[in-house]
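Which chain is which? They are A, B, C and D, in the order written, and residues in each are numbered from 1.
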Amino acid sequence: MTSVTRHTGPVGYSLPLSPSGTSSMITPPPWHFSGEVVMVDYRLDPAAAECFLPPGLDAGPDPGRAAAVFAEWQWCSDSGTELRDPARCRFSEFLVLLACAHRGEPMARCPYAWVDQAVPLVRGWVQGMPKQHGVVHLTRPVTVGRAGPRMAPGGRFSGALSVRGRRLAAAAVTLEGRSEPPELHTLPLVHSRFFPSWIPGDVAVNELVASRVTGVEFGEVWSGPAELAFPLDPGDDPDMALLAPVEVGSGHVFSYAETLHGGRRLG
Amino acid sequence: MTSVTRHTGPVGYSLPLSPSGTSSMITPPPWHFSGEVVMVDYRLDPAAAECFLPPGLDAGPDPGRAAAVFAEWQWCSDSGTELRDPARCRFSEFLVLLACAHRGEPMARCPYAWVDQAVPLVRGWVQGMPKQHGVVHLTRPVTVGRAGPRMAPGGRFSGALSVRGRRLAAAAVTLEGRSEPPELHTLPLVHSRFFPSWIPGDVAVNELVASRVTGVEFGEVWSGPAELAFPLDPGDDPDMALLAPVEVGSGHVFSYAETLHGGRRLG
Amino acid sequence: MTSVTRHTGPVGYSLPLSPSGTSSMITPPPWHFSGEVVMVDYRLDPAAAECFLPPGLDAGPDPGRAAAVFAEWQWCSDSGTELRDPARCRFSEFLVLLACAHRGEPMARCPYAWVDQAVPLVRGWVQGMPKQHGVVHLTRPVTVGRAGPRMAPGGRFSGALSVRGRRLAAAAVTLEGRSEPPELHTLPLVHSRFFPSWIPGDVAVNELVASRVTGVEFGEVWSGPAELAFPLDPGDDPDMALLAPVEVGSGHVFSYAETLHGGRRLG
Amino acid sequence: MTSVTRHTGPVGYSLPLSPSGTSSMITPPPWHFSGEVVMVDYRLDPAAAECFLPPGLDAGPDPGRAAAVFAEWQWCSDSGTELRDPARCRFSEFLVLLACAHRGEPMARCPYAWVDQAVPLVRGWVQGMPKQHGVVHLTRPVTVGRAGPRMAPGGRFSGALSVRGRRLAAAAVTLEGRSEPPELHTLPLVHSRFFPSWIPGDVAVNELVASRVTGVEFGEVWSGPAELAFPLDPGDDPDMALLAPVEVGSGHVFSYAETLHGGRRLG
């Protein structure tokens, strides 16, 4: 049996708290991520984009610039332990990015995100990313055979998001050639760390934070024309419908890695 | 398009914040629950139980008293909207309850809980319940045919929890006769509302709260001899292994309802 | 180790064949079913209905009569073993029923069915039911609390089917009063037992069979006005789009049980 | 509406039959596959291996030689249509291969297989592969960042199989260097095409067939020491327990592609 002393009570970086802290659902940062990304640049109504920005942020020089990002990730802590259980270290994600600025610094805002695993979902809430549960599918590139696209001209990659059994987003990119990392994926993310109120009279925790990231790596970036649709019935959530594309730009397919260390509060 | 004004930024009871608040993943309390429960009383090592109690709680008059609870729920807000989408209003849950006391008042502590849907998972964290993702299966009673137990003597009900593809808990109850609501399921729950730290130098939100519940209803309670096992490899999480049964008591099967309103801080 | 003799090779009612037959995915019939049903009567274009009937069947006296059936089942073999593992004995189902006749005998034809578990899916193919994989959700009646409908006037029950992340069917029934078992759910089912060809030059197994059923039990049947939609993009499968409702009738909610023994060939 | 004629009734390569055949769950072969494989050679009790071979097959020159294969696939028909929906074209698989021989020709026999999608499951039964439903996880190689192994010395790859919430197989391979395609993965597969009986007095379809495959491609093969365990409770299925490893050999990680055209009957 684990040897414990009773003075402090159960401990941990997150719930569940336990005698020695080994039960914590979330391991403390840093968290390392390596993944495959299918991303589509698009534009939405600038007035709509602005409605999603909290005080302290503005739309910057190019209001309405946005991107839809489908990704398939592996993640681990510094120890790498999670990689030993492939049921634990993988997840898929879809998110929307909006271009914005904080005191003149270009940043990216994520108004919506979905993941297919609970650990990255809760980890999202710790850092301020509004992750919900969704089922995300991506095409993977292949190097042998005919059952998939190549990372080469003509390769066609798709992404799809379903939430509670309904398709909310679908995209496709047909590769034309090599390009540079798409700018919206290189900007620092700015989140609202938010913990709802529970005791009558209390207010929610709500603070503007930027993520501290190191170890950013892009693999080869391939780009080309893209399709993007949010086939949402607007009746379901009129706010989310505000983010629908008014113009679809280029798509990009690439490998990406980063390490997430924590946050810094924005004044 | 939703008409919005820009002064306050996006709003909502929880993330995702949005212009009019309709995107909030969590609807504000109260939340109504109606469910079917398979519950097994058991005893664990009293010293182990105590290690899971935070400052402010003690083990009370009967240390080591515990229960394993499998439940299948429907839930809704006051509007009842969620009941219109059966993909939204149902979830299954497994949790452990430990008897404890706060300043002499008998209460129940939940050191571990698993649910199969993200909304009740996050709602758990809002109130301080340490919910993780698991797959929970229960037998349901039947009133016709042979493919299930009856709510009658000899009816055998089972519950099972799997997490990341491994069976963590299994229980069975064979009904003998009618009984009273099991006491551990009637006590107020006391949680640690906990929001992990993210900015270097900050400390986690961590406050002891009791849930405010009304509308408690028990259907017929049937009880009888029970089986309970936590077939966990203790190497996986030595802390969770501390909660294994040293003695298994009676099992209970019943319908249950309550309304959850929020919390009160315990001094 | 199991004692085996080598002369006959591995055995079993179905694949996987194994030395003593214990690995068979499907246990031999009879199979017992007990379930909860939400069913909506509707009418489709009679000409479309006829296109789904194989030689030997005709549309009978009321062409175009149909029903959409959502059900949540428990099942077991004669031994009842499967009920000991609630991860094994439960599944959900959606199917369409078309009225038809064989030599003047009224029967029901199932052109499409979806289940959420692989064992009933394969069992469907053994008997000739064209089961595919889908996610099916139903509202369950409650007897305590506010989070669900009662089996009483005003109770509103819903059903939903999603396939590969897209909603294919949705229905709702608002109870008005007690009624008789809906006729389409009382007719014998007539299937095409079909095993695709694999060796060049061979033809598929294809035989018209009726299911042999005993032990039919209906619980209380409650009925009332209903809604039904197949929100399918017809581009996906123009044949399935033929089955869309042109008129929606009454809905029914009831418990149901039967035992399925095998089939008889129709001449 | 689809224009149809009534003479032949509904058609299709498989169920569901429909007026123009567009509803068939299974598209007719050929089927193209491209995937990533984690494979571990092992030996089991030769007497046990023999018990899984049907008449017509013998154990060949090296009885007891076997492999455990975890794979993540994309697939498509000749048209490539399935690749447009990433929710449709991907699946994961675990299978066991046993070395055997037919009239002196070395072949591979698959006594057990699990996949996580229904289409490849049913397609397995069409060709005689005993596929059941399981959840299969693999580590994927990464080319950027720290959250995954590289295709390079020291890279550690894992595979895991869970069935109905219980872990049935787990493996790991640590790469040492380049090697040749593992022999058991290059042999023709020999299956028992089996369709259970349903009408009293009938017998099951049961015929020995070999798969006809073209377009075999291996990417770089990396190999090294491996671990393999079937942590099954033998009480669950004593036949499957016969296949447990008595000796674990090398592991292999590679990309693989093939096209499957149909079968040939073995005399």
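One rule holds in what follows: a contact is a pair of C-beta atoms (placed from the backbone, for glycine too) under 8 Å apart; a residue touches a chain by one contact, two chains touch by 3 or more.
From a predicted model like this one, the values you see are computed outputs, not experimental measurements.
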* Both chain B and chain C are touched by which chains? -> A, D
* To do: Any chance you could check whether A-C or A-D wins on number of contacting C-beta pairs?
  => A-D
* **Most widely separated chain from chain C, with each centre as the mean of CA atoms** => A
* Taking all residue numbers at the chain C to chain D contact, is the shared part over half or under half, that is, same or different? -> same
* Structure fact -> Chain centres from averaged Cα atoms put chain A and chain C apart, in whole Å, by 40
* Asked: At what distance in angstrom does the C-alpha mean of chain D lie from that of chain C?
  -> 29
* **Computed distance of Cα centres, chain D from chain A, in Å** => 34
* Which chain B residues reach two or more other chains? -> 85, 87, 135, 137, 160, 162, 164-165
* To do: Quick one: label the inter-chain contact graph as line, ring, star, complete or other.
  => complete
* Residues on chain B engaged by chain C in the complex (per definition of touch) -> 32-35, 73-76, 80, 83-87, 89-90, 135, 137-140, 142-149, 156, 158-160, 162, 172, 215, 217-219, 255-259
* Structure fact -> Counting only contacts in the complex, chain D reaches chain C at residues 1-2, 4, 6, 8-10, 13-23, 25-26, 28, 45, 48, 50-55, 85, 87-88, 111-113, 117-119, 121-122, 125-133, 164-165, 192-196, 198-200, 205, 209, 237-242, 262-265
* Asked: Taking the complex as given, what residues does chain A use to touch chain C?
  -> 135, 137, 160, 162, 164-167
